[in-house]
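Both complexes below contain subunit A, partnered by subunit B and then by subunit C.
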Partner chain A sequence: MDVLSHLHRQIADFTASLHREGFLDEQFTQLQKLRDESTPDFVNEVVSLFFEDCEKLVTNMARALESQTVDFKQVDSSVHQLKGSSSSIGATKIKNICIAFRTYCEAKNREGCVRCLQEVDHERVLLKNKLQTLFRLEQQFVTAGGSIPALQ
Partner chain B sequence: MSRASITGFLLFSCLLISVSSTIDNEFNCNCDDEGSWSIHTILECQRVSDFLIAVAYFSIPIELLYFVSCSNFPFKWVLLQFIAFIVLCGLTHLLNGWTYYGPHSFQLMLSLTIAKFMTALVSCATAIALLTLIPLLLKVKVREIFLRQNVLELDQEVGMMKKQKEASWHVRMLTQEIRKSLDKHTILYTTLVELSKTLDLHNCAVWMPNDDRTEMNLTHELKASSNNYGRSILSMIRMPDSALGTASGGRTEEAGALAAIRMPMLRVSNFKGALLNYEQNRALQQARKSAMMASQARNSFQKVMSHGMRRPMHSILGLLSMFQNENMTFEQKMIVDTLVKTSNVLSTLINDVMEISAKDNGRFPLEMRPFQLHSMIREASCFAKCLCVYQGFGFETEVQSSLPDLVIGDERRAFQVILHMVGHLLNMYDGGKTFIFRVFSESGSQGKNDRMLGMWKANAPHEYISVKFEIEISEGRSLSDGSISATHSLCRRHNSDEVEGLSFGMCKKLVKMMLGNIWISPSSLGQAQGMTLVLKFQVRPSYVEGLKVVLADDDDVNRIVTKKLLEKLGCEVTAVSSGFECLSSLSSAGNSFRVVILDLQMPEMDGFEVAVRIRKFCSRNWPLIIALTASAEDHLCERCLQIGMNGLIRKPVLLQGMGDELRRVMQRAGEGL
Partner chain C sequence: MTAVGDVLRRGLAEDLGVPNGLEELHVLAVDDSLVDRKVIEQLLKISSCKVTAVESGTRALQYLGLDGEKSTAALNDLKINLIMTDYSMPGMSGYELLKKIKGSSAFREVPVVIMSSENILARINRCLEEGAEEFILKPVKLSDVKRLKDFIMRGEGEEKGKRRAPKRKLRDDVFTCDELTLESPTKFSAKRSTSLV
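Coming up: the complex of A and B.
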């Protein structure tokens, strides 16, 4: 009981801090609400999928920006996709960078785009670490006997 | 032309005279030239003057003749005589002209004598004629002057007559002015004003008798005179030395010319022509007065109601809402909820009274809103239990557990009817009995077969449930507190003849409006033993349950999230990652998919193209298409509607947003829009 409540509190604090620092937003909370008994790992799956997609998109964009004649349209569509994904899981910081990224793409500003891309990558790594910590805590909570609805 | 002839004649005669004088001069000049004033010269002068006289005497008649011919002179014969006289004189003088020198011939003398003789005759005759003529002329002149005077007088008289006619016309026009109103004072005042204008009066006053007919009071006056003789009292009206006369005479000692008019005040019965108008007017005035009084009464009633009842209710409701925000135990919460509901009902009743009194048709609308049936039943039971405990009844309740929770109906009115039922029954008895409250559902009918509602909601999958609320007072165990039951064991025959009261009639009306039924089941003794209420509620249709949906989104994360969301709402989701797959799944599974949710920005075939193709392939029984997009374009919604899509959801997708949009689209499709 003590361990459970302790863990519960830890998770709550951590999530609150993530929200406060702007890593996550309301969408993430919504996502967590979609979790239920039948699919307990729903959020994990979605998040890991997101990071896979993110990596792929970033590599594509890096390659496109390195070439001599930059195909800004392709870069733009990739940024658009990234923006969509990040907003649906609630990764606020990445979403905001994508918005700025799009303006650079429209202005066909190569340096700006490269800079934004580096930022995106940086944020991705950060968020990945944070969420991995969160999931580890949740895993501990579940093994200790806690129920998922209590997490919400 | 005569003038020309006259001047011609004059010139000719001058010429003749000069010629004759020179000839004569040559013939008879045998004297010596002694000086200018000799006899010869004098004689010559005489001659010349004679001839001139003759000329003048000949020209005068010509002029006279001319004037006579031109004008209309009355005494022509005198003139002719005069003309003859002058002509003869002229002739004489002419002939004289030749008698100055030497012996005269016999013919000359003869003619001269004849001429003179004639002249004498004519002149005598003219003198005599003139004697008789002059008085005649004078008479004519006098008559002329007289006539002129007459004309002047007549002109004056005509002027005066015209003025009088105008005045009478003005007075006649007065009646038109007077007829404009039926008010006595207006009539009198108008008469005053118009009369003084027409007749140019200095002042005009109206004196009317008072009620006892003992005094005359001055009621209307045109010009308030400087000396305020005020309300002088008279006993009689007599001219010219009447008190009225002296009173209205003012300061001057002598009373001026005075005329008084006695005007009869017409009584209605005396004057049939004005009867109708007057009567109508009076009736209208009465009606207006009573209408105004009625509306005043209503206004004051509303004010009193509003002040005395509505405002305290508002305060109570406000306080209760504050209660609701507190942390309470479950029981406390239930009690507070019941309080809130009951006060809502009371507030509704007060509003009914105030608004229905303002509206004339006595109808009030039902507010159909979704509400929770379970909580309503709970609060009704709580309320009934409170009352039962207070009045010493036992309380039992039986509620069917399979009742749906979310229904659509008018919660306030239903609660009001239930409250009434409870109160009514509890009032009939004095306690010592058991109050049983039962709620269960009758077999719910499918909305499609319901004729009344099927008319205008043909295709909507509406479900109705009939809920039966039964209240029964049964003999049986009462409260454990024996004292209360002992004192109130008598059955109060409270209006036993009137099983149904006034408020019951109101409830019946309400229930009929809600398409339900209410009746009282009497006991063997004829009193009310139980009441049953059957109400129909529309179960909130879940448009989304079991809905088959195709979801097309190329982004994996988005797809998984949206799929999970839709599954949470209760749909059956088939998720595909491209437009082609979407089309193939639609065509393969037949037409079983009701909704297609499309991401607009897909790489190979974007949402718009998919929508167009879907519309082309599925000619009948289209699936509803909802677009998903992350862009914030303004005209995207219009574009989607143009293509033929039914709805639009913006990313990021929220559960609430998705649910609402789905429901909205399904509802619109269901209503056939």
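Coming up: the complex of A and C.
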């Protein structure tokens, strides 16, 4: 098998595993389909924006949950934002944690919230690593002469 | 409003802003989420639409010249074919923005679509009652944009047809105004199985 086919196969297998393991859903596939020759980095860019946003929100929520009197409305607002953006890129696990997270906010349950925040952060790190691997493989594919449309 | 006679004399090629769909559709997208703005921008660009994306209702009103400030020269040429706005935004909500747009003489005819991650029937009803064309559940898909684009393109053609259909006096012939008016989709029920009356 030549280099290109090998890489193509690796990318397909790896992507399939990310879906199978619940890291990504159909929305991520949708985003990949939006790439074209002039915007090959679209997914990478959106994903970067997501992680920047995610890290900021996690920091804010951690601070809010450390307060003497927790402003659960503020925490909930951050969770809502995170739920939205994770849904927009297809980050299933993070999105699902946010759903549970919101019920803890509504119940003003600090412990529950802290637990969810830890889970979110854990998944954030995992997903970031997985996607970096994916993007690295795609970059290798392109460097070896492959084109983005071939990956759709 | 020009007289029907004038309109008929000029013929169907009259430029009312979008000459028979040959120009790109111009969409104004409003969303406080940077991630969502980037996604909607790409969805629209891939669908050959021109996009202006802003982060708030206030910005949207500024762009449209509806914020009470003196309108700029550019506004006289501003053609917006569709406005897509998120519902939940800090400050002005998408619903409030919708009301302001529908309350303006300049842009009340522009279709406004509300996007939301929450499938709340009361919210959907409220928006549709206020004149929203459609309520779309996030995440927005390419098929949503394609459907909207088709609707707008058809609507632009049909709207012209509608305006040009001469309203005949009832005593002159068998046709009433209603029968002459081309059917066009009115308010869509919310997508994804939320059933409305």
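Observations
Criterion: the second predicted complex is superposed on the first by the 151 of 152 C-alpha atoms of A that agree within 3 Å, B and C clash if a C-alpha of one lies under 4 Å from a C-alpha of the other, contacts with A are read in each partner's own complex, and residues count from 1 in each chain.
In the analysis below, a residue touches a chain if its C-beta (ideal position, glycine included) is under 8 Å from a C-beta of that chain, and two chains touch if they have at least 3 such contacts.
Keep in mind it's a predicted model, so treat the numbers as computed, not measured.
Partners subunit B and subunit C clash in the overlay (superposition on subunit A). In the superposition on chain A, contact of A:46 is made with both subunit B and subunit C.
Of the two partner chains, neither subunit B nor subunit C is touched by A:93.
In the superposition on chain A, A:34 makes contact with both subunit B and subunit C. In the superposed model, A:124 lies in contact with neither subunit B nor subunit C. In the superposition on chain A, contact of A:102 is made with neither subunit B nor subunit C.
Residue overlap on subunit A between the subunit B contacts of one complex and the subunit C contacts of the other covers 27, 30-31, 33-34, 36, 39, 42, 45-46, 49-50, 53, 80-81, 83-85, 87-90.
Contact residues of subunit C toward subunit A in the complex are 33-36, 38-39, 42-43, 45-46, 88, 117, 138-139, 141-142.
Across the complex, subunit C is touched by residues 27, 30-31, 33-34, 36, 39, 42, 45-46, 49-50, 53, 80-81, 83-85, 87-90 of subunit A.
Residues 554-558, 560-562, 564-565, 568, 601, 603, 630, 651-655 of subunit B touch subunit A in their complex.
For subunit A in complex with subunit B, the residues that touch the partner chain are 27, 30-31, 33-34, 36, 39, 42, 45-46, 49-50, 53, 77, 80-81, 83-85, 87-90.
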